[in-house]
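See the structures that follow.
Each of the next two complexes has chain A plus one other chain: chain B in the first, chain C in the second.
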Partner chain A sequence: MELLIKNGFVFDPINGINSEKMDIAIKNGKIVDSIQEKNAKVIDASGLTVMPGGVDIHSHIAGGEVNAGRLLRPEDHVKDVERKTAITRSGVGYSIPSTFTTGYRYSRMGYTTIMNPSMSPLEAKHTHEELSDIPMVDKASYPLLGDWWFVLEYLQKGDLEECARHIAWMMETVKGYAIKIVNPGGLESWGFGRNVHSIDDRVPGFDVTPREIICGLCKVNKMLNLPHTIHLHTNNLGVPGNYATTLETMKCLEDLAGDDKPVAHITHLQFSSYKGRDWRTMKSGAEEIANYVNNHSHLTMDMGQVIFTDTTTMTADGPFQFNLYNLTGHKWVNHDVETETSGGIVPFRYRRKNVVNATQWSIGLELALLIKDPWKIFLTTDHPNGGPFTAYPKIIAWLISKKARMATLKRTHPKAIKRSILSSIDREMSLYEIAVVTRGGTSKALGLKHKGHLGVGADGDVAIYDLNPESIDLPTDYKVVRKAFSRAKYTIKGGQVLVKDGEVLQEMYGKTMWLNVETDEPCRIPEEMKTKFRDYWTVEFDNYPVSDHYLRSQSPITVKASI
Partner chain B sequence: MTIVKSVTCPVCGCLCDDIELVVEDGKVEEVKNGCAICESKFIGYRGEHRVLKPKIRQNGKLVDTTLQEAVKKSAEILANANYPILYGWSSTSCEAQRVGVELAEEVGGVLDNTAVVCHGPSILGIQEVGIPSCTLGQVRHRADLVIYWGCDPWSAHPRHVERYTTFAEGRFEGSEWKGYLQKFKAAAGRKKIKRVMKQAPVKNPPSIEPVTPSEPPQKMKKDGRKLIVVDVRRTMTAEVADYFIQVEPNKDYELMEALRALVRDQELDVNSVAGISVECLEELVDIMIGCNFGIIFFGLGLTMSAGKFRNIDVAISLTRDLNMRTKFAIMPMRGHFNVTGSNTVFTWQTGYPFGVDFSLGYPRYNPGETTSVDVLLRRESDAALVIASDPVANFPKKAVQHLVKNPLIVIDPHMNATSLMADVVFPSAFVGIEVGGTAYRMDHVPLPLKKVVDPPEGVLSDKEILNRILEETRKIKLKQVEAA
Partner chain C sequence: MIVLTPLRKFQFPVMAECISPDVFQGKSRDEIASLTVYEGNRRKKLGNLFKIEKESAENLKITIKGDVNEVRRIGSGMKSGEIMVFGNVGMHLGHKMEGGKITVHGDVDGWAGSEMKGGLIEIQGNAGNYLASPYRGSSVGMRGGRIVVSGNIGTDSGASMQKGVIKIHGKAGHFLGFRMRGGVIHVEKDVGDRAGACMTGGKIVVSGSLESILPTFTIDKMKPKVKIDQNEKVTGPFYVFLGDRSENGKGKLFASKAANPHLSSFEKLL
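Coming up: the complex of A and B.
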């Protein structure tokens, strides 16, 4: 099928196209130079904004943790339901939508690729079963590897090559896309109810430090030439004063940056940018972090923006969730996974009139606005930790309009205004910059060659929004922008029109991407693994891998490692 | 003869996946590594009650029919029903469950699984307070205190203790089986002495110390793994335990609350709670607080005795309290091999784990209203599909009366009480023996089920049967819409 999108204002940052009036042609699911108009379905995009399909770099949409959150919170679903239609399946929201609903809602906002950032390898089949039930988008998942016993043991020995081989084996075995590290060392400590509090604390039972884990895996990532960098959730996340730990973490990676390319992605940075001794004195550390980031080029980040709403926090960071439970006394799920990781869930309401929550809200926006280069920091809410992904249009409005920010800031706790410098920031992002932080930048950071841009050969994933960049004044008309981004005029995936005017026209299942890492030396891991397997896990070696059966439709990406 | 290794056992929530089968001429001839239940399932599944042909009720009698006819009849029943119940699901694969959700949504029925009469209260408890838990390997590697409360793994989950808890060898904690071996020998010795005493003409026989003292024995204070059993009767597991606490029936809630109070350093003004002296409880609490990693496993003794989900609520709350002092976890001992899977599948597709009502076109969940037993007791349903389960044998009588009054479809490898009352019966292949799939262990670890032998000719998998019914139902519904 051929599709021609005519006369839209195209924003394609990767190819440097900024609001140019041009046609986009799609043939056999890929962007092509041109097609014959008479054979093609034509969409008249005059006066509309055309962007590549959105790429979310960090959103918890599937897996054991997410599903435990769903089970935990019937009260979250009852207020937000989706009826079955002739085309779509039924489901529920709100902060942790059921799988089908997740796909439809992303698609309605013009998103076409979603990265699920946390998958415990032992339960990877579960994650993939759920991902297979999420329609409308392409997806991938990052296995949690920072506290895997094999990693800790090989780093302790200093055998990086063997560590790298194991990670390569793991990527293929659990069909993962990037190395996810969560509170390195802290999760292993949490096995006995403890935690690490700086990047130089020793991990109990293993002679390594978080610093060694981070740097070691960063080097491994380079050896394996993985498309994305390590994806790092820092130590001391969500603790007042943690901006110092974050800066230290950033600094320890400086030496590893050879060329100008980033070597690490610090995720949901907002949660790692707090100053102060305790919650009473907590204030924003965004300025210090932003200063550092503006002077260095070895990192990418995402916001982890907080939304004032009732949501469900879930991370693999068990000790952090335990602290949150202590703070709130709310329902608490903990789920430690043998030899690999942990996890926790606590429902949480971010309140405007709570000084800490209001400050958290400010910090996310401060970071996005103070870090000058939009290619470094991307838009996320760490769904559902800061708020559901359906709030992205709200964040876009705050980013493009000081008026929008001030309107919300005014209604927050009065003390919160003094705890950050948000009110003094005048920067207002352009649509081009919004395209960077929601698709171009994320896709580049992820190393997705065929996503996030509209150059010839890219996937035919396009979002069209009802915005006329010529006639609109973004800062004043932020409400129009917000509305436009919540209901895409068209969402096109692989050349198929999936959504029109915010309504799903057809259901389509995207592909699951995973890395097939080829190492030089023939892999002798299975033999060694088999002997150790029964000691480490409670399942058999043969039953551990994620077979093709668990992927509805897949797109393996072959990577040539340099070991 | 072929040997199939790493087979997952489709019996209980332990999902032991190290079973070796010897297969000869399309039959399982030998089972290695499995427990008695596992062996009897793999060897004995081809029993006399196996159904091989679909059946349909004609003139009050079940007669053989063709698959097409049975599918057509079932689809008619479901398409014409206003409020059908789709019940069972716990002993089939996740793949079949996924089709089941689609079918329930299509016909606007109630989708419910056996948790409703089993660990449903556990889920309600979790929805109240959450659950600090872990995978079973975490217990194997770290737990130095294991408490079985209201469950008897020695009989119901025979390899649980050996594979995952006290008798397993972990990284940080060793196996305790040697100690237990000695204990068994000692117990056998005591019995022998007793027997001899009875026969011997001794006037004042020396007294023999009881097997478990009323107070926690000294060895509870030593290092190494400890096993405590709390139950209303001395179960098989209690026999191997270091310490057995006999709680009075229906007093679990009281006992838990007393423990919570003691964990929080409050004083109790009574001498005993639920039949156990307070001194004893104080020592017990000290043991709990003093451990490095403790876990409570609980079973139907807690979920289905007085208090129901409140029992679970308080058990989890006790675990939450203990986490302020040390590391503690809690886990339900799920029964059917894939009951956890059906809760999991239902939750990711609909948001709710059981008792999902699609009658309004979207998933709705209100235990007590949308759960199958309650729907039946209110006589609201007008048809039912039962898969891999036997509600006629398990549900309250009044619920059964309403269930069998309406058209009833059964999908099951065996003839059971429910299929005898059914209008349509589908024979199906044994999941995990004749057809593969996925199941979730009690700790939510997904494991693949293997196809080891071929199913009998003409016998389809649950998934395939459901798919055909779904397809046929859609056709009928489409016709109904067109006619309207």
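Coming up: the complex of A and C.
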């Protein structure tokens, strides 16, 4: 099947194309130089914006926690029901949509690749079953390895090479894509009802500190040549005054940056950028963080923007969720995954008239706007923690228009304006920069060679939006932009038109990507490990790996490690 | 005035959100007859299920003649006008109602007035379970308005209530006012177990006998009279309990002294 997209205004940041009028040709699911027009299906994109398909770097769409969240919140579903159509299945939303609905909604917004950022290895089978049920997008999952006992033991021994081999084996076993670290050391402590409060606290039961876990895994990541960096959720997340911990974490990674390439991705940075002693004095620490990031190039980040809505927070950070439960008195699920990680779920409503929530809202935008290089900070809501992913168009409107920001800021708590410097920021992003923060940058940070750009050989994933960059004035017509990004004119995945005018035309299942890391020596899975499985796990060692039939269709990516 | 008469006995649940004065407003008889309803999983027209007569030009008054046990969501989200039903009604009557009046000369099924914000529901017969309660998992209860029931009500009524008045002339089942935060519930006859469990605010007034008091309630004082709303006061005397202490609550549970001799042991603690 051949497809020709004619005369669109193309934004392709990876190839440096900024609003050029050109044709995009797709043959057999890949982008090619040119094709014969008479054999191809032609889409006339004149006066429309053409971008690569969206790539989301951090969105909880599947796994044990997401599903527990669904069970916890019937009231979330009852208010957002999608009827079945001739093509799509029925489903429910809102903050934790059912699998099919998740796929359709992403596709309607022009997204084609989604990264599910937390998968406890024990629940990998469940996660992959759910991912297989999400249509319309390609996806991958990051296993939680920061508090995995074997990793902690290897780090304690200082045996990084064996640790690397073990992680290479884990990636293949659980079909993961990157190393996810959540509150390093804190999750293990939470098993004993405690937490770590700085990156130099000792982890109970192990002779390591969060600093050693972060640096150790960062080195391991380099040894294995993994496409993405370590994906880090910092210590002390969601605690006033935590910007100091975040800065310290960033600094401890400085030495590991060899060339100009980033060595770590700090996720949902907004939740890690608070100043103040307690919630009453809490204010934005975005300026300090942004200053640091502007002067260093070893990090990438994503926003974790907060939306004023009723949502469900879920992280593997058990102690943080416990604090949130104490703060709200809402329902709470505490989820302990044997020797691997913890987790928690608490419903939460971000309110305009709450000074803390309004400040959180400002911090996300401040970070995105104060960090000058859009290749460093990407657009996310940490779905569903800051708000559902369906709010991305709203965030785009806030980023491109000061008017839009001020309109929302005026409706928030009056004290919130003074607690951040958002009202003094004049920067307004261009469509090119939006293309960076939603597809180009994320794809580059993830090391996805065939996604997020429209160069020859890339996957035929294209999003076309009903926006004419020549006639529209972005800052004043932000409502038009918001509408355009929430309903893609066309979403094309692998050369197939999936969505037209915001309606799903056909259902198609994407692939699950995972890493096949080749090491010189294979990982020694010692007898000791098998005995440990007997002693500490509820599953047998032989039942642990995710076998192929859990993945509907897969695309293993082979990586050659340097050990 | 619009008069609806069911053409037959419905075998399956009928979802009829459209039976509401706000929807009927400004529509001709034929337009009303072609409104969509679901019978089971089949899409039907209102005219297929009901005989529709238009008795005067204005549509703000709807009368339903006959039993509509299987018909759900009558008056859902209504803001004005009046619905009168001569017969029994199905579930979700006046769900999310904001204004106007619904009168039922018969019994109603569960979840009547759930998540109601305003208006008046009068039930001459009995009401089912979950009167004025939110759906499962939700914490948004009744936020205003008034419900009056002449007969008895089922269990789990008034859950998560925030505002408004519920007046029951008969008996109430157990778990009355679960997680209540505000508003007033007055029951003239007996009330089942665990009234006011997890309540943090509001008033539950029991003029009849109260089976037992939860151990997480503490006696506060005696009171000769209780105010229900601006126009109404009930005379007692009443035992006043505060609770639910397990939730740090400041809700008030009033139990009539005359009808509850088994609570007299609490007087020692005053």
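As a convention for this text, the second predicted complex is superposed on the first by the 558 of 563 C-alpha atoms of A that agree within 3 Å, B and C clash if a C-alpha of one lies under 4 Å from a C-alpha of the other, contacts with A are read in each partner's own complex, and residues count from 1 in each chain.
Throughout what follows, a residue touches a chain if its C-beta (ideal position, glycine included) is under 8 Å from a C-beta of that chain, and two chains touch if they have at least 3 such contacts.
Since the model is a prediction, treat every value here as computed from it, not as a measurement.
Asks: Taking the superposition on A as described, I'd like to know which of chain B and chain C A:Pro74 touches: first, second, both or neither.
Replies: Touch status of A:Pro74: both partners.
Asks: Should A:Gly191 be classified as contacting the first partner (chain B), the second (chain C), both, or neither?
Replies: So A:Gly191 only meets chain B here.
Asks: Once the shared chain is lined up, is A:Arg83 touching chain B (first), chain C (second), both, or neither of them?
Replies: A:Arg83 contacts chain B only, not chain C.
Asks: Give the label of whichever partner, chain B or chain C, reaches more residues of chain A.
Replies: Tallying touched residues of chain A, the top partner is B.
Asks: After the superposition on A, what does A:Asp542 contact: first (chain B), second (chain C), both or neither?
Replies: A:Asp542: touches chain B, not chain C.
Asks: Counting contacts the way the document defines them, which residues of chain A are shared by the two interfaces, the one with chain B and the one with chain C?
Replies: 72-74, 78
Asks: Can you tell me which positions in chain A touch chain C when the two form their complex?
Replies: 72-76, 78
Asks: Can you list the chain A residues touching chain B in their complex?
Replies: Touching chain B: residues 62, 64, 66-68, 70-74, 77-78, 81-84, 89-92, 96-100, 122-123, 125-126, 129-130, 133, 191-193, 205, 322, 325-326, 330-339, 342, 345-346, 535-543, 547, 549-550 of chain A.
Asks: Please give the residue numbers of chain B that touch chain A in the complex, ascending.
Replies: On the chain B side, the touching residues are 5-6, 8, 17-18, 94, 98, 102, 105, 123, 126-138, 140-142, 163-164, 169, 171-172, 292-293, 320, 323-324, 326-327, 329, 343-344, 347-353, 358, 360-365, 438, 440, 444-448.
Asks: Within their complex, state which residues of chain C touch chain A.
Replies: It comes out as residues 134-140.
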